[in-house]
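Letters A, B and C mark the chains as written, and numbering starts fresh at 1 in each.
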Amino acid sequence: MIFRKKVLILLIAVLAVLLIANAAPAATLAGFDDNEIRIGQWGPQTGPAAPWGSVARGSKLLFDVVNEEGGIYGRKIKYFIRDDMYNPAQTAAVVKELVERQGVFAFVGGVSAAGGLAVKDYLAQNKVIWVGPATSVKEYVFPVQPYLFSVYPLYEDEASVLTKYIVETLKLKKIGILYQNDSYGKNGFDGLKQRLDTYKMSLAAEIPVEPTEKDLASQILRLKSSGAEAVLMYVNPTTAVIALKTAANVGYKPQWVSSNTLSDYPLMHKISGGLWEGVITGNFGEIPDSKNPLMVKYKEAAKRLSPEERWGTFYSAGILFADPIVEALKKAGRNLSTEAVLKALNAIKDYQTIGPKISFTEKQHQGSDSVVIQKCGPNGSYIELQGWTANDLATWKK
Amino acid sequence: MDHFRVENLSISFGGLKAVNNISFGVEKNSIFSIIGPNGSGKTTIYNMISGIYKPDSGRILCDGEELVGLSPDRIARKGVARTFQNIELFSNATVMDNLLLGRHIHMKTGVFSGAFLWGRGSRAAREEIRNREIVEKIIDFLDLQSVRNNYVASLPYGKRKLVELGRALALEPKILLLDEPSAGMNTEEKEDLNIWIKDIQADYRVTILLIEHDMNMIMGISDRILAMNQGEKIIEGTAKEVQSHPEVIRAYLGEEHGC
Amino acid sequence: MPVGQLLVEGLAIGACYGLFATAVVIIYKTSEVVNFAQGEMAMFSSFVAFHILSVYRYPFWLAFLITMVFSILLGILIEYLFLRPAKHPTILGMIVITLGAEMFLVGLAGWKWGAEQKYFSLPLDPSVTYEPVKGMIINNWAIAVFAVTTCIMLFLYLFFKYSKLGVAMRATQQNKHAAKIMGIRTERVFSFAWGFSSLIGAIAGMFFASRATLDPAFMMEPFLRAFAAAVLGGLMSIPGVIIGGGLMGLIENFFGYYFPHWKPIVAFIVIILVLCLRPSGLFAKHFVKKV
């Protein structure tokens, strides 16, 4: 089942790519005119991944704010959200529609690695800029793609920073890892390994898990008998909840540490029945009630413009993924063109809003290597443990 | 009025008239036989009586009550029991269990009171005792003592035929349809069967419809006989009348009749 | 290796598989249909329990009772709406119909409650544990699983052996034609089997949900495992599938302890081996079906 599903997704992705590749690059419409700049995003608004749909709506808030402040050189941003239901074939279809029918200038965000991989080459062929994919996929930016700019820190870098925190700040020596058996989990594992190697420490236990597994008793017992005092988890929310519940059942209480993908504390606290309290995670954005003036500003704006939205970590992520395009549009000046915006994007250096510091060069489109470290407090509140921290071991920067 | 009556019964399968306009009446507590070559529609009539097939037209009346349109289980509860040419038993259960299943329609108590025998004096317990008595009597009657706890699947063919007969009796039916009960039996067993059928008629006060190929048996025990060929009625009458009908002689008795 | 602890956990999750497999078998026994909507029926009932608990805020026992009634009705309704209208269905046709019912339920649950994971809990504090033997911790969840499974098994044993309906169900399974001729209302038997199966499935579903999270897809994996346990046990024998479930839980956990990579598939490998050696499962009575 698991394998079949993976194969299926891969097949659909390949098919989608083939379908698009076969079609000759369409005569793309200009993505803007004197009054508007068209920007699109796909994201699951319905279906199994709908909870991540808030990213696309978060970006909308940013554009609404920009428009409220008069737009960019008189041009308003016209923003399109398309529901791809987390289905790569659907992603390909909605992206084609936006590019060929609506004529969009750029895409921002975009949840789902499979969906992103399915449209990556199509966007490049049509010279459509894509900023801030809402997943971390190495293939997006290594090797560098001229039209694609990533904001999201790599899981490797995050895991490396978190491990440093566990060893140096928490002073825990025995570390185990529970990781999802896919590229997300393995990247986390690599980051952990890289950091431990520098300390000449070895792992107490490394336990892979399939994302659909519902019984983790043997995995947790293995971690328990390894004596791991801290367990790094690179898994999905459900797996994390099962892990915590099972651990409680067998009387195992390590320091749980996890990835930014599980940094929606109110949700995690709720679905784990409160067991999430005390879990430490990385994050690619400021905590929701951060005193950062921009965070305060956006929070106020959200209350005013989209009162139905929960001011959560994925919603605000939608803002920070889209921020660089707004910055580049401003820098590109009155004479708008794809080339001008690309030039502006490639010139971005140490640009920071509510996320990590971002820098791009022509040769480097992985924008950041920094995360913040947070801890889940009572009732799913956020406690900041450590501010923006870069991975000093980041291999790609050398 | 006849106790059991079939009026103008017809059914066709894909344009082929399997049973065409058959009518007959059966008196209470008599033995009524249907004869005819294979494929003449005898079993099809049974299947219509017991509700497995729905006739295209015609009526089936039991004590004046219409059976056409009722489901097989409703018809069973009206007092019509039957056996099958190919034996339809619960083969993964014991002889005793099969016979007790014949008592199903007589079990009045519901799921839960019937489920667990609360106390000996309870209604459920009394009902259970009565059901067991009736079944024991049938076991005695059909001489099934030696195999009562055997699984049906392990029994020889002849015994299975008897078990099926016994299960039909356990329903305490008004009408009993027997479909080739002697098929596959040896001469000795056939003789026993002959006696049993007469005994059933006498002891159980039941009306018997009989499909048989064994002419000696038919002619010996039937009160009336219906002869059929290719879905049509040839003649209905006493053994003598039927035996002497030229078409019966030609179509059935005179020729080899294969099984 | 924490043998005692693996034993407890393996048996507890195995009992859950077995319980759920029982639901599969009850339908299979009466109608020879593998109900692929089984997992989603349990999922839907668990969502109803969740809804009653979180929206109406009824006490747990009341929510539980309402859910039980609901699950029975759901089973009956699905049989009535999806299976019964099929005229002269083939086994494959029936399976396709149950797959349709499955998708329908997933869609309906997704529409009503959304795809986001929900918290579902039995009134059992997960942090209360007992340690009767050193190194063997038993928690409330496992105790509840063992107790409920034992009760249901006992009930099913008595039910199938002694009750009129239970006997009618067994008869219908063995020979539907003959059952009808015996005056057994086979349609009612099917309704009851589906209702009853749905009820047991819902109980198992709530155990699974309280161990993990509740979302429209949460029963897919447990269903596969329970189905495998049912195949292991022979698909016909209820004690067989319970033992099949237990074996499944134990094999997965003991093997998975050493080879976590292989945990998700080890049980399926065992099943393939078993089926090669004993095609009708470990505990099926062999009998040749009349043609």
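Methods note: a contact is a pair of C-beta atoms (placed from the backbone, for glycine too) under 8 Å apart; a residue touches a chain by one contact, two chains touch by 3 or more.
Note that the structure is a prediction, hence the values are computed from the model and not measured.
Closest to the middle of the protein, by Cα centroid, lies chain C. A centroid comparison over C-alpha atoms places B as the chain most distant from chain C. Counting C-beta pairs in contact, the chain pair with the highest total is A-C.
Chain A and chain C have Cα centroids lying 38 Å from one another.
One simple way to say how far apart two chains are is to compare their mean CA positions; for chain A and chain B this gives 75 Å. For the pair chain B and chain C, the distance between mean C-alpha positions equals 41 Å. On the chain B side of its complex with chain C, the touching residues are 50-52, 71-73, 76-77, 81-82, 84, 86-93, 97, 100-102, 104-105, 107, 109-112, 114-117, 153, 167, 171.
Interface residues of chain C facing chain B in the complex, by the touch rule stated above, are 158-159, 162-168, 170-171, 174-175, 177-187, 285, 287-288, 290. Chain A makes touch with chain C in their complex at residues 1-2, 46-51, 181, 207-210, 212-215, 217-219, 221-222, 224-225, 237-238, 241-242, 245-246, 248-251, 267, 270-273, 275.
Residue ranges of chain C in contact with chain A, taken from their complex: 1-2, 5-6, 9-10, 12-13, 110, 114-119, 121, 126-127, 129, 131, 137, 139, 141-142, 208, 211-213, 215-218, 220-222, 224, 249, 252-257, 260-261, 263-264.
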